[in-house]
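All chains are identified by letter, namely A, B, C and D, in their written order; residue positions are counted from 1 within each chain.
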């Protein structure tokens, strides 16, 4: 089956979510990918949303982070402070799944402002749960569309820590989690270099060239020596994803996703 | 109707609980008095037990602080941390109703040890909720049988602060609540002097002499100039109290009360 | 103890110019009717607090009721930007808006600290983030036992918290269920509490350990069915996703926004009338 | 993920000599069967934590399993003293017992801090009390915003928390209701969690926002009907007040206590057999 770049991005991100893990899910692309994982290879994943549902199994994608569908299908719904205190800070989240407005070469994230903080050109929604997801989850997956505007040489504002200035700075600052382990875009998959922690393209989606990735990245992007090709979505993955999005469109009049954190 | 010294103690304590107030109730005598108040002049009192029930209206007295009867008759049952954090520390408790093993002239309480802490003669159960009830409730009522062994010149251990060394020391230490406003015993009612905060007998129960109170107090106890006589329990009060204790005996095979804090 | 009053009376009596006001509801049970009533009564200089300022705060900000905002995520959930919030921050219209920006984890902790009458909250957070550089109320302390560094911020203690709930009983106890967000903590942290409800019943018939606000913490209960529109009330009505999408166009333009607020809020007596006017517009458009 | 095992297997696999163990249950749902099994397996040098050590901790202390106790109220609720606890503290029998004594408010806060993975908890407490003089783990700090003095103590982070609950589903989610005490916080604060339950069901059929421990925090579920005896399980059986009263006589004398533990615990294979032996004794006595 043929597929879009959005589809391979979502499928490639979903594949990174281990079955049996506890996943803290942001709304939008992360929620789509996490639910695709749950409906394919990871039936025993526990999806947590910051509004309170634990173990949500939505039949259609939520449009907001607090849709009733999440509450109705969850193992339990706890107050929001418990999610952040007992679950995220409590060290019980294996994977934090984040989107972002801007990202730099060390996978630091900006969701706060474009331009100076006190006189912003664009005021973005803000931090939401991201700073503590980024620091406390055992590992972080980032899913974001790749453009030179979003993959920038220098962030206007670091909302959430990736690997900061690179190297072992997270360990030195005693951040509890490993930080970003992969950035999945509509063009490629990047992983931090094991030593420098600079994002490195490890896999190109089928039909995508190095030049396209370079053009969509605001810094001189590095490619792995053993650069691979992202395995194409299987028919099953595509069928499940499309059925999910179709159910969502029927329920909401939209394919789900969008903003909200 | 004739009555016992225990009965007038309970009735006199119950009368001090204002209708409409929020009362944090210890088990035993405080619970008996608080429920008598609720069943007589204070139908709108909100009784809180540290195990979690808020607005409990038990038909029989609880034998333990966490009887099912409390949960079944309450407006809501919250986790114990919420009782201490959001209610007591939150400043939402009007009256703390305490018992004690020992008390001194400034209404400080000892429920920890008789003898030295590290080599106690008698190891008592300990603090329970009392230290923070004593400091955080807007005011504190103490109900305790009066003997020279329990009303002592010097406590072996200050578990919970009354008026400490007297005077305005509570205000200087910035304790949130006013501290003990009355001590109700089987012999009399004592209140702290407005200036020195030393406990002063303001009312003798009918038939009790100054000499009896003096003999049952381990310090040279002071009597108010305008020493009154505690109004006798009304027939209604006695009937309600006895019916409550009879229901309790039928349910538990005991009259309720006993230890537990 | 609880008074049963109209929303107009509750806002008039309990929310004053300059107050610190938290209207909470995490996507679910957002107190929209109360937000309208605050605008209708022309409150000024409010210090608003909310984890996720969305449409009602966009409306309050655009209407000039707000001088200061403590928050952690300000957007139109599922749609995108809050244009009135952005206009205030980016261009100072209709007036300057001071921001106190935190993360969700911090805000949730700060409500808990407020409910517990503590002056500050403690969290493992903000490591590597620029937020503490721009908010002097995010500080760091060391654990007296382990010497670990932890973030602290001031507890949230609103003058007034406003929430919407499913039910109240006639004594004033309030029951909510489904997505609970931080409503209970926000209410317990406040000096005064207003609750709008879908219905008032003889008995809550609540299951064991349900989320109940006892009447002694509730100052006013206002019957306002549909009062969370366009958000939802679990068990009563669904979220109106189209309204959230439509808001994007309305809020984008100052004049469109002002005209709509005039028609839907200032020219209506209450939320019920707003709903009627809205339904008529929709009918006319169809 | 949750394993469904016998209590014997759970204790053998998850509780080790020297562990910090919290068995919680505030009068309600006390994990008595688990306490017996720890004694039966002869664990040593345990660091026990519990707000209200009562009969099960009296038994564990008297059986020589415990070297250290963190607590806030140690008594036989509704009856009086714990004689085995007193004997250990007053006369060092069967061995010395180190006490770390706090107040209820502090213990509850310290469990919350543990569940939240914070190293310490903060409270308004202990003003004027002698407890901080005898417990160097009660300290004071100043608020970085208001300069108020507040008490702090180390978070409780048990190696193992053991609770009793009404139900588990076949996936391992656990439901409890009624008086909740600090069980949820104690479980969330622990490295490992054992839950004994009255029954295992296909579906919890839990009401919204019920107190549920999700399976990912539960290591072992053990079916043990009646496992909270002589405390109670709301909806299943009542408290056996006579047993609490009888315990006062049993525990008062070392030999009586030892003989009873031999007969009821060491000579029985499990809690079901203990209940049978106990019923026979009662029958014989009647």
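By our rule, contacts are C-beta pairs under 8 Å (C-beta built on N, C-alpha and C of every residue); 3 or more make two chains touch, one makes a residue touch a chain.
Remember, predicted model here, so these are calculated numbers, not experimental data.
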**Message:** Once the contact rule is applied, which chains count as partners of both subunit A and subunit C?
**Reply:** D
**Request:** Just give me the whole-number Å value for how far the CA centre of subunit C lies from that of subunit D.
**Result:** 40
**Complete:** For the pair subunit A and subunit B, the C-alpha centroid-to-centroid distance in angstrom is 57
**Item:** For subunit D, residues that touch 2 or more chains besides their own
**Value:** 112, 117-118, 123-124, 148, 178, 180, 208-211, 234
**Item:** Contacts with 2+ other chains: residues of subunit B
**Value:** 71, 77-78, 85, 89
**Fill in**
Chains touch one another in the pairs A-C, A-D, B-C, B-D, C-D
**Request:** Name, in rising order, each residue of subunit D that touches subunit B in their complex.
**Result:** 26-28, 51-52, 71-82, 85-86, 89-90, 101-105, 108-109, 111-112, 123-131, 134, 148-149, 178-182, 184-185, 211, 232, 234, 238-239, 241-242, 244-245
**Asked** Quick one: in the complex, what on subunit D touches subunit C?
**Response** 117-120, 122-124, 137, 139, 141, 143-146, 148, 150, 152, 154, 177-178, 180, 207-211, 234
**Item:** Residue numbers on subunit B that touch subunit D, as the complex places them
**Value:** 27, 50-53, 63-68, 70-71, 77-81, 83-85, 88-89, 108, 112, 117-118, 120-123, 125-132, 135-136, 157-161, 164, 169-170, 173-176, 252-254, 258-261
**Residue numbers on subunit D that touch subunit A, as the complex places them** = 1, 112, 115-118, 173, 188, 206, 208-210, 212, 214-217
**Request:** Would you tell me which residues of subunit B are touching subunit C in their complex?
**Result:** 20, 22, 44, 46, 54-55, 71, 75-78, 85-86, 89-92
